[in-house]
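Two complexes, one shared chain (subunit A), two partners (subunit B, subunit C).
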Partner chain A sequence: MNQIIELPGRAERAATDASVLLDCRNLSRTFIVGGSLFSKAKELRAVDRVNVSVRRGEVLAIVGESGSGKTTLGRMMLGILPPTSGEMLLDGKPVSGIDRKTLARRIQPIFQDPYSSLNPRKTVAQIIGLPLAVHGIEAGAARDRRVEEIMERVGLSRRLIHSYPNQLSGGQRQRVAIARALVVQPEIVVCDEPTSALDVSVQAQILNLLVDLRNEFNLTYIFISHDLGVVEYIADQLAVMYMGQVVEAGPRHEVLEQRRHPYTQALLGSVLTPDPSLGLPDLQIGRGFPDIMHPPSGCHFHPRCPSAMPVCSAVEPPAFRDSAGLVHCHLFSGEGSSATRPIAQ
Partner chain B sequence: MTITQVRDTSVQPNGGSGHGAPLLDVRGLTVDIAVPAGTLHAVSDVSFAVNPGETFCIVGESGCGKTITSLAVMRLLPKTARIAAQRILFEGRDLLGLSDKEILGLRGNRLGMIFQDPMTSLNPVFTIGNQLEEVYLRHRNSGRREARERAEFLLEKVGIQSPAMRLGQYPHQLSGGLRQRMMIAMTLMCEPALLIADEPTTALDVTVQAQILQLLKNLQREFRTALILITHDLGIVARMADRVAIMYAGRVVETGTSAEIFAAPQHPYTRGLLACIPVPGSQGKRLGSIPGIVPSLIGENEGCMFRNRCPYAGESCRHGEIALRELSPGRGYRCILEPGHAISEATREPATTASQATVQ
Partner chain C sequence: MAISDINPAGFVRGPASDEIFEALPPSPRELMRRRARSHGGLIFGGGFVLLVVALAILTPWIAPYDPYNQDLSARLIDPIWGAKGSWAHLLGTDALGRDFLSRLMYGARVSLTISACASLISAIVGATLGIVGGYFGGRIDGFVSYLINVKLSLPPLLVSLSLVSVVGGSVTALIFIIGFLTWDRYAVVTRSVSMQLRNQEFIAAAQAVGASHTRILLTELLPNVMNQIIVIASLEMAVVILIESVLSFLGLGVQPPTPSWGLLVAEGRSFMFFKPYLIVIPGLTIFLMVIAINLAGDGLRDVLSPEGRN
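After this line comes the complex of A and B, so read on.
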């Protein structure tokens, strides 16, 4: 499904291409699970033919159901996990031709969990300095200075330089993780739920910091999150994933406003605004949970979709693309008759 | 963990809706932890009560003592901690007076806890199935078959399909959200009367989160399970809580029903917290954040712990213990300001930017 992207015109594609920094094309990753004495090994399609791209200096946010493949996609972008198929282009060149170390210097991660992603036996200075040592950047006093500079930049007091992670608060640990990612001056930072372990006031500080740093260093972020408030705040482009596939993507405000895909509607309808007069949202998507081991035929979302039509269980919805972005749904494929009209909510 | 029972009759924020004994009644809970630099006052004089079927939310900044409070109830504090309280009554029994064997019989059984970090509570070398069954076998007189059936049943409840395959997996093979749901299923193996859920949905997307929260609500309706929900997501608080305690630096600084807290927050910290939430239309603007950082909890402390960050702080905030102002039973706050001192949030200095403020 995701490979047939009908673009309105070739020129448009060529024009955007120049500024595209990271381009994932039909990227897939399958895990083999099970396979014990009692059961046969089966395939788990964690990421299925994903097409996303991000321009230099932009923030691409990836949202989606738990288990929909966001982290797996992020790990492939980082070069930690090889894709099963598809390719990734960095500045137009295939990533497969770039060696791991060079790639690591250009693309750095910030993980969700500031508690377990820092080595407990290393001091703050050692943790932040390690990438410099790995990449052989500076040495001795110059390296120390660089560590101090970045610490100051992310708002970490020099006092903490010899502290261990367990002596830091959650917010401080996340700043250490950010400093470690930025010290080698990467072009792209893949942030996997960088603030979900933090409370709102610390989260606000970290988000403000990430935005400042992006402006200062012209960074490009891949921002994986399930907090749509955060995404709305930080993203330029948005991709929505469901069961390993991108079901909708486009400029943030278009996706959030138009909510063309029924899953996007369900996702946005589940946001819990702090309004005590409201209870839990009544999800119009049934009680069912999707089973990645047995993906439904046709559109993977059809068993839960309030707008499903007969064609939805039979045929994979093709890509529909216009200026508001890309959507994979039969409501927009012509079969569903409403073609380009955004559906009523 | 050293336990001291104190006899103390100071007035405490009341909790509970009145009729009948609460399921859990915590009075004057104080937890001190010995650290190299001295004594860390993690929890100071905290009181609350939770009734059967009720949802009680504990909210507050990282490090304010939410987890330590729940670990005290579970009697799972680290060895370096000293706990003192007038009482921690659960189903009429004082938890502080129970033997280790008695508490083991309650934990995972009548008293369930969903821990904040699924990775530290799931054992990496055993399959998920093994770990879920183990809990059941420990407390129930039953065979492995029954335990496996219960595990599969609960996995479906928390939205994990292909249960047999998932039970055969190891924790590292699961996504963050799947791990968190495994933890929840594990806690529900024995139908606890009190469930303490420490940030149970941080790793979940909003649709699954809504489904899990609905599941918890259904449990409460069906079994009158009481829920202590620890979260920093004020959206969850608003939609789930019957009553709320806002904690700051080891103390409860405000209590009330969730309607009261959101409509008329009294403590300056509560107001700051409400201003930090990214809301639609916030793009491009800076988020509100509470300037400054939490003071050190090590050593003696006096006065209001929030004063170094509070826009209203004055001389009287520096000394003594700030008394709890009780507005009505169960509704109160610890601040010298008069009730309804509202100064519109808009007029307040927005946020120190993170990049300017150097964290100490």
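After this line comes the complex of A and C, so read on.
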């Protein structure tokens, strides 16, 4: 694991500034699906009692397969989707008590698809200037100057200022989205799979840009992704989600190294390699993603878990917490079995 | 295997690719201009409409006679191509000796004013309902859908007939009645477009910035449905002209002696068998105008939103 590229300043920052900036407590979001005269509405638990927190200046990566609730969690953090229950604390104060505009200046998003995240009828200047207009920051020439400054900072040529999104490449579009997020100088940026819609070569540029900007503006990232290579590169903390719940969380190094939850093992084992002779990875968890409308009893992962025990289908696993982080699994509940559990490689 | 092995080698720190000398692809406006230039229907239809509108605007200065001025010594003179035609009255005169060309030109002013204002009202009403319903969804959308269904079940001609017979046929009344009876198509289209746009990430980005709903509706959604509104407006305009003509023809629209195209047809009805030009000329004008507007509307659709073709 020593090949992991260390980010500049990571160690110092973790040592000096360890205050929790954003703290999600028992955050849940339920969607009501269907429901008409003849059929009863059903509840979909997209996010289920999630506890995650991120310290100032750190990068919290949230990983999980499609449908695990990552994006819903991100939208709640942005304040565009109210949580059904639970609360979020920003700097120790509940977010629900913070005015929407004030919150918007502190938390900003970067979305996955730069083709749908930019209004096709607006110029780059209007798109990046929108947050300034909404918050009444600067006007006229001063606003244009500010837009130009941030464009320069994210590596966009100034002559693109009056062009439309359809004239830009995917990487340029994502730079516009980054500029729009950073123009109000937020503290937290929620990056919802910011590189997954881009070419691999462009992904690297955008990731490096995000890392540079983080160091320059002392940003805190919530980095939602299913690309483990990217996560390994950028994250400080890691939370693994499965069916709306966090199954394992902790410092990136510990989670990637120890892989205590069987789902984490499967997820990390599913990474494709560039060498085709190795074939597809064998997951041993079956292919079927359970019906999210009817989550399995007990531990949601038990139907696919290679180490499932009778207790798994009956009792929801309690949280087990130690220096290496948090894990929700019966393998680690009771009798301190965690210390002796062999690490599957 | 350790995942660090598959860490992409491309994660090298370097300057962003320098695209300064690369030519930009054409802007949306430039693309529209290109499509418009090669569209025959738009050029012909739009040209005809613009010509008629220009003539209607300039009528007070270029019309040869006062449209209300009766000259009983010059009744029912044939147009210039007729047997007894004269250069004094290019399109002849009507039963009261009024110059028919002047009546037609002033009639264009009345008919076009009514159809333009009515289209504007229906566009504002329909687009507002459609955008609000599509964006907010839920109960608000349920209410908008209910209104649309109610409106769709009303036959516009029948309702306008009964309404006009109650409130009387002034130009203002016609504008409002027709305007409030033709907004359904705007609402249906803008609602479905807004529902698609609502889930786009740029709307979420605007929400995350703290933009108010009003701002999102006006500055994020509206520009994206504007093209559709323009296209529908151009097509609805033809329908409105027809409704106005029908109402005036039936005597429930514009009241004589004010000229309008439908009224000209109605006035010529009694002389239809021996002076057919009295209904052929205004009838042909209505026909050509409707065709031209439809051609222009089709062309606008092709130019403004080519995604919808085929």
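Observations on the model:
The criterion applied here is as follows: the second predicted complex is superposed on the first by the 314 of 345 C-alpha atoms of A that agree within 3 Å, B and C clash if a C-alpha of one lies under 4 Å from a C-alpha of the other, contacts with A are read in each partner's own complex, and residues count from 1 in each chain.
By our rule, a contact is a pair of C-beta atoms (placed from the backbone, for glycine too) under 8 Å apart; a residue touches a chain by one contact, two chains touch by 3 or more.
Predicted model, so just to flag it, every value in this text is computed and none were measured.
Of the two partner chains, subunit C is the only one touched by A:R121; subunit B is not. A count of residues in subunit A touched by subunit B and by subunit C gives the higher number to B. In the superposed model, A:R100 lies in contact with subunit C only, and not with subunit B. With both structures placed on the common chain, the touch criterion links A:G155 to subunit B and to subunit C. Legend: residue contacts after superposition of the two complexes on their common chain; A:A324 is shown touching neither subunit B nor subunit C. Of the two partner chains, subunit B is the only one that A:G170 touches; subunit C does not reach it.
Shared-chain residue A:L78: touches subunit C; no touch with subunit B.
Of the two partner chains placed by the overlay, only subunit C lies in contact with A:R180; subunit B stays clear of it. Once chain A of one complex is fitted onto chain A of the other, the partner contacts of A:I137 are absent, as it touches neither subunit B nor subunit C. Using the contact criterion defined above for the overlaid structures, shared-chain residue A:Q108 touches subunit C, although it does not reach subunit B.
Of the residues of subunit A, those at positions 112-113, 116, 155, 157, 159-160, 169, 171-172, 175, 200-201, 203-205, 207-209, 228-229, 232-233, 271-274 touch subunit B in one of the two structures and subunit C in the other.
Those residues of subunit A that touch subunit C in the shared complex are 1, 3-5, 75, 78-80, 100-101, 103-105, 107-109, 111-113, 116-122, 130-131, 134-135, 155, 157, 159-160, 163-164, 166-167, 169, 171-172, 175, 177, 180, 184, 200-201, 203-205, 207-209, 228-229, 232-233, 256, 268, 271-274. By the touch criterion given at the top, residues 1-8, 10-17, 19-20, 24-28, 200-202, 204-212, 215, 219-220, 223-224, 226 of subunit C touch subunit A in their complex.
Within the complex, the subunit A residues that touch subunit B are 31, 33-34, 36, 39, 42, 63-68, 71, 112-113, 115-116, 152-157, 159-160, 169-172, 175, 193, 196-209, 212-213, 226-230, 232-234, 252-253, 266-267, 270-281, 283, 285, 287, 289-294.
Per the touch definition, subunit B reaches subunit A in the complex via residues 60-63, 117, 119-120, 156, 159-162, 164-165, 168-169, 173, 175-178, 181, 202-211, 213-214, 217, 232-241, 258-259, 261-263, 272-274, 276-280, 282-283, 286-290, 293-294, 351, 353-360.
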